[in-house]
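For reference, chains read A, B and C in written order, and residue numbers begin at 1 within each chain.
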Amino acid sequence: MNAIELHDIHRIFRTTTGTIRRHRKDVVALDGLSLEVPEGELFGLLGPNGAGKTTTIKILTTLLIPTSGTGMVLGFDVVREAKHIRKRIGFVFGGERGLYYRLSGADNLRYFAELYGVAPREIGPRVVELLGLVGLTDRADERVEGYSRGMKQRLHLARTLLHRPRVLFLDEPTIGLDPIGARELRKIVTDLHAEGTTIVLTTHYLFEADAMCQRIGVIDHGHLVALGTPSELKSNVTDLGVVELEVFGVDPAAIERLRGLDFVDSVVVEQRDLRQLVRVQTQLAEQAVAPLLAALRGSQIGRVAVREATLEDAYVRLVGRVE
Amino acid sequence: MRLFLVTAHYTFRALFHWLRPVPYLVNRLLFPLVQLTFFALVGQYGGSQSLSFYLVGNAIGVATLSTFGVSQAVADERWQGTLSYILAAPAPRVPIFFGRAAYHVVDGMLNMAGAFALAILVFGLRVPLEGVAGLVLSMLVATVALCGVGLLLGAVAYIFLDAILLANWAMFILLLLTGMNIPLSELPPFAAAIGEALPLTRSIAAARLYATGAPLDAGFALLAADLAIGAGYAVAGYFVFGWLETRSRIQGRLEGV
Amino acid sequence: MIAALRVARAAAELQFREVAVSGFLLFGALVQPFFIGVMTMFMLRHRPDFDPVYVVVGAALSGLWSVLLFAGTSAISHERSLGTLELVVASPASFFVLYGGKIAGTLAFSLVSVVFSYAIGAWLFRYPITVADPVGFALSLLFALVALWATGMLFAPLGILWRAVGQFLGVLEYPIYSLSGFLFPVLLLPVWTLPVSYALPPYWAAVALHASARGEFDLPALARVWAVLLVTAVLLMLVSSRLFLAVLYRARRAGSLALT
């Protein structure tokens, strides 16, 4: 059975602006999204900000109703059978909110355990077990308002596992975590997946998606622009090489000159402290270096490197930008 | 003068930044009317004073909302982190802070006008023509004097950190002790003494005189005294701000204590 | 059923803990009834039939109502600001039951108004505050809590539907004091408002409490008032339960459960 099925989902948000005369504006968040995720898969959903990832997750977690189209989670309709879905799924939206900061970590878990119908005699042991899993045993009785961001994120993960969900939705779970915390969280996620939980993960960290996910869907402007295993997505860019140029104070006109070169696929500029990293995707690789340097005449160039395309480059090719 | 007007204008815009008429109508016009109705009917049921006693008292008492508006506006400067910019600016403080109060005076006058309209049209309050000017003057003095209380409260809120709670206390104290619903002569001596030291008490007394058709000069002494008391609160607020500013400079924090 | 009660109990406990530390709600439960009680005591004591219990009961009801009004509506906006509203709506627990627990927790907290109002009459004014029919009064108080609880259940749909509801709450305090006859008989109001009063459970709560405190009704008469109270409460519950479903569906449609 498929854990998740979305068929031609459209979701339009209507906003109003203006004060005396109010104007209505329609924002298309999802524009015909169709997707299937089989049970037991660890699926990654990538896309730039505003692509529709969170909207998709909210529809699947029954918080949002699609404007049109059908959605099913574990065979239940997301609109009409929300109650059945809610018993079987868990979700974490990234960030520090979503906890009762005046309660302790343990009390937060006990409260949510009641909401999720965990049997009374099971609540105590389950809370202890999950606090141990996420490494919060020592801080369990402290108020959440004193927790660090990473601790709150781990508590969220514990919360979402109270009722042993069959499907987990993790919306950017490692955002804002330090590298060690993020690594620990990824291990928990992969262990859960090994136990058979279906996991849908959204992330901005492409290396994370590459390492963890069995399949990745790339969403942009509300619809799927690519779907496949990380290897399949990377195979779309085997023709590409990437030239990375470290530049100090790059001139926008120079970037336009780069973009105008016929062997250049895309140019992405990343600000790193006082310098910019200009990443050029091109079919020419080493042969491109000299013409690229010529196009950047007048700019102060630091390091130059040529490498193979990664998943991130495949992503950039698909959505045209890095965020 | 320009500083005064500009500050007043931005105060109004900031306070009702929704720029929608509904919250304004509901909170600033409807609320005073329902409060007046409640106390007028309790008073009528109690029967110890005439209905006009309660109507005039509560209609003028609507000016207490100015207290709330001014203290909130001042407190908002702290929450929005703009206080440090204002205190650090070379412009004189007095026009700025009185600019804050100006729009609340206009606002307060509108609220009281609405309350009197209700009292006249629904409850049948009769105000002789010769008393109207005096009533309007009482309304003006009441709201100006209470802005002084609002400024002091706004300053004190920097210490106690909750302008809304302080303003609620102030509103109820004014409701109880300024003769709006209970003549000061019926209160215990200590409570009556507090009432005498509050602005609004004399404005209400003057308004009750004018509501019976008394000439304009009949209430001048009362209104002048109320203005002076209100000014005293404003000056106290100014000095509290000054003290807070000095303290904050020593402690290295400008945004409250 | 048991699971639902557990959800309600957990929500009630959490709400009690949240409101008990709120300075604003403590003001509503203690300070506001103090001022209203003291004022109305002065205003009504010249009546030939003055009974201080009338003011104590009225002040207590005003405290109960004000706390319920503010805590009940702010429960939703508070959850929204914490980021927990989406989490609780998306849980399998019935939001209606959960919110019912919150209202119950709020009412438990607001009972302090009753004690405080008694203290005003008995200790501040040194009146003998005695209740003519203690059993009838105690039962009436229980029914009053049911009445207020049923009325409070309407707030959640309002709070979910309308983020700005907090701006308008102040306007609902005094009208309910007036229309429910907490501190003066509703017959003083225009006759066209009477049907509104009769439709309000708090009105029947005030009738039962005032009557049992002053010994004005015998048990059968009180029972009739309780019956009407229950009918109005049940009708209000039916309306609010339908409203809950409609509002939650609408919120899911609009995506308005989150803060942003």
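The definition used in the following text is that a residue touches a chain if its C-beta (ideal position, glycine included) is under 8 Å from a C-beta of that chain, and two chains touch if they have at least 3 such contacts.
Remember, it's a predicted structure, so these values are computed and weren't measured experimentally.
Distance between Cα centroids is largest for the pairing of chain B with A.
Centrality annotation: C (chain centre taken as mean Cα position, compared with the mean over all protein Cα atoms). We define each chain's centre as the mean of its Cα atoms; on that basis chain B and chain C are separated by 30 Å. Centre-to-centre, using mean CA coordinates, chain A is 53 Å away from chain B. Centroids of chain A and chain C (each the mean of its C-alpha atoms) stand 45 Å apart.
Contact with two or more other chains is made by residues 18 of chain B.
Only residues 23-24, 27, 31-32, 35, 38-40, 42-47, 164, 167-168, 170-171, 173-175, 177-178, 183-185, 188-189 of chain C touch chain B when the two sit together in their complex. Within the complex, the chain B residues that touch chain C are 18, 23, 26-27, 30-31, 34-35, 37-39, 41-48, 162, 164-165, 168-169, 172-173, 175-176, 181-182, 186-187. Chain A contributes residues 13-14, 55, 58, 61-65, 83, 86-87, 91, 93, 95, 97-103, 110-112, 114-117, 120, 159 to its touches with chain C in the complex. Of all residues in chain C, only 3, 6-7, 9-10, 14, 17-18, 21, 82-84, 86-93, 98, 249, 252-255, 257, 259 touch chain A in the complex they form.
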